[in-house]
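Sharing a structure below in structure tokens format, with a few things to ask.
Labels A, B and C are assigned to the chains in the order they are written; within every chain, residues are numbered from 1.
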């Protein structure tokens, strides 16, 4: 029974229904397996953090959740990623539709070469938004806590903002399309501590309405923002073709950091390696 | 040696100093080396200034040559279409019209083809080996000499497109642009062969521009749920548009100055006609045909035409550089 | 702003949620398919001319290849057979003259721009002028040499000559050689130059022994491509090198080249001449494609 094998690793299911469910997911680039046999149920309406050392496949798994890996030549996913009752990798599923419902914020701020206003309106428009665009732009920027910095220069290029503001603009861009899930791939790695703090505050606001999955290098950040934490690790495979990542443990953040079930987790969170 | 150094060691100087000085004979640079250094710098400076001298030389030669004709014909040279060596009446309107029409229409066809091809070979629609193959073929097309394309145009392309041109004449004969019967050489085949010649430029520059669009932008577009072509039209092409425009302008300059293939297929007629199906002329083809046999004021008239061509291509090329610099600052 | 009003969300009302299933009849998916189709058709059209041109050059020209083609002179009007021996030698000679002028000047100019100038007005002017010169139509280069070399008879009273043709081609090659030299040298890491200076090398020694050799591949690639392009040029030769039906007499006399031969013979109403034009096209295209492949091979050597 696959369900029993992964429920042992997931947080106890009474805390809410699963928003996304990974069932024996293996992702490979060409012949090289990046991450192997991942089972997890990601709860709805919470913040889930993926932590682990470099090369453990946590970003790869994250990008697999809205089929962003389709952009990488030779990247293949085996197993099932179930969302809203569908396997996202079913050939009948439209990846564009997937990304409309599962938004993403990237490691490097990547505003479009358009005005701040258009950066927000673009996604809404292609998603068939019919309402008041000005209101949507303002609301999205407010939710991303960047409205005050932007309100006087909505017609200026998104590049006119600082790095931290650009990243919050990208968050606003993602939430303007009202996705159900927001994936964040190390959203603060390129930012200074103050910008990081602001984005973490934004995330606390956002988790009231969205399911958030965040990849982070920073364990303190996981403690600060996440309800659940998944610890990934990588191990060398025999033959020496590199490392393959796997999911070690997935539980409440508090448990992961204070009473982990695995020695490897204990070593990582206490800073003994990584 | 030992005694030497021990003696020196008792003195105030470092005992190893003499040894080193013996081994490195060039520690103090001889004047000849300094002279070589300076001389080489001056040499490269002179070689670099050759570019400036040649450019000025071209302009002065053409301008000097054109002065007589400029004095005789003035600006009416631009608007008169007669080219009459017997009465020494010269006007370049036919050639100017031909230059502008062939280059602009050829670009109108080549831009969608070239940019479309560039998109096709930068997207992952087909395996990368096939894409590289197409890219290589387009680059090799650019290497085929113009005169070979002209030969091909005369014997292969011209006869092949004749039925199409006849059909165009029957269909659109009411308009002044198609109101003459096709007769082999003409503006239309010249336009087509120009398309073949500028297509590699537009494709290559567009491909480079598209490849330079950061992957993050593309991911961002997909992340908010665009389709492939939604991302291309709304994010990727706008990000690459300055380089593509610069490439298009360079191609326009090339099309205006392109000589051989056009000369061989355009018909070299001085009789003005709006019709694309009629034989025509361009400044470059006129120069190629007439220069060797011209004398007197005809040479000067040709120089005048050459000056006009230079001004046209200069303007277009400088505009191309300006566009690339100006627009690229935004992104 | 004292009381930032709580924002209320109503997520479902703003957007229609569609099922995840791929719907091929959705407008956006139809449009996607349409544009993909258009782009692939455009790519096919872009490749077509090369295929057709190469096919006809191989067919029409390739079947005429014989020893005589390389060893004989073109026939007189109305006669059969003959060869293009003089034009092959002429093309090689004129291209060689052009290379001997353009490569030293261009490499030297590129060294100046990259290694010696520090962005002053002169360097800016030269680099701007180089871009302008690259855009000058090839026929204008012919007009320039016609005006300065041919009509002035500077070379021993000779007017049209292989020398004049070579100079005209050199004018066309120069911007490419300067540009590839400049860009090749710019790719050399600064640390390498510092390393040489650090052991006390003079600037001349650094450039000649360290910087220039490091940039050999990109420069050689660009130079080979420039030579290939010059070999196929016709417009600047028509009224500088002119043409000759005889074997070359020397560099100060008119000379036949393959490109001008193709032009002259293509528009003649005689089949023997037309066939020689195809044969010359075959030889010329093969030479140029070989040079292009050579350039690619040189370029690949560094990547390893």
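Observations, loosely collected:
The rule we apply is simple: a contact is a pair of C-beta atoms (placed from the backbone, for glycine too) under 8 Å apart; a residue touches a chain by one contact, two chains touch by 3 or more.
What you see is a predicted model, and the numbers here were worked out from it, not measured in a lab.
Each chain gets a centre from the mean of its Cα atoms; the one farthest from the centre of subunit C is A.
Interface comparison, B-C versus A-B: the higher number of contacting C-beta pairs is recorded for B-C. Averaged C-alpha coordinates give centres for subunit A and subunit B that are 48 Å from one another. If you average the CA atoms of subunit B and of subunit C, the two centres end up 10 Å from each other. In subunit A, the positions touching at least two other chains are 96-97, 100-101, 127, 177. For subunit B, residues touching at least two other chains, in rising order: 227, 230.
Chain contacts: subunit C has residues 28-29 touching two or more partner chains. By the touch criterion given at the top, residues 66, 68, 71, 73, 96-97, 99-101, 103-106, 108, 110-114, 122-123, 126-127, 157, 159, 170, 173-174, 176-177 of subunit A touch subunit B in their complex.
In the complex of the two chains, the subunit B residues touching subunit C come out as 29, 33-34, 36-37, 40-41, 43-52, 54-55, 57-58, 61-62, 64-65, 112-114, 116-117, 119-121, 123, 125-126, 134, 137-141, 143-152, 154-156, 196, 199, 203, 227-230, 232, 250, 253-254, 256-260, 263-264, 284, 287-288, 291-292, 302-303, 306, 309-310, 313-314, 316-318, 320-321. Listing the residues of subunit C that touch subunit A in their complex gives 7, 9, 11, 14-23, 26, 28-29.
Here subunit C touches subunit B in the complex through residues 28-29, 31-32, 35-36, 38-40, 42-43, 45-47, 49-53, 56-57, 60, 104-106, 108-109, 111-113, 115-117, 122-123, 125-126, 128-133, 135-144, 146-148, 171, 174-175, 178, 202-204, 207, 225, 228-229, 231-235, 238-239, 242, 259, 262-263, 266-267, 274, 277-278, 281, 284-285, 288-289, 292, going by the rule given at the top. Across the interface of their complex, subunit C is touched by residues 83-84, 86, 88, 91-94, 96-98, 100-101, 127-129, 131, 136, 139, 142-143, 177-178, 180, 209 of subunit A.
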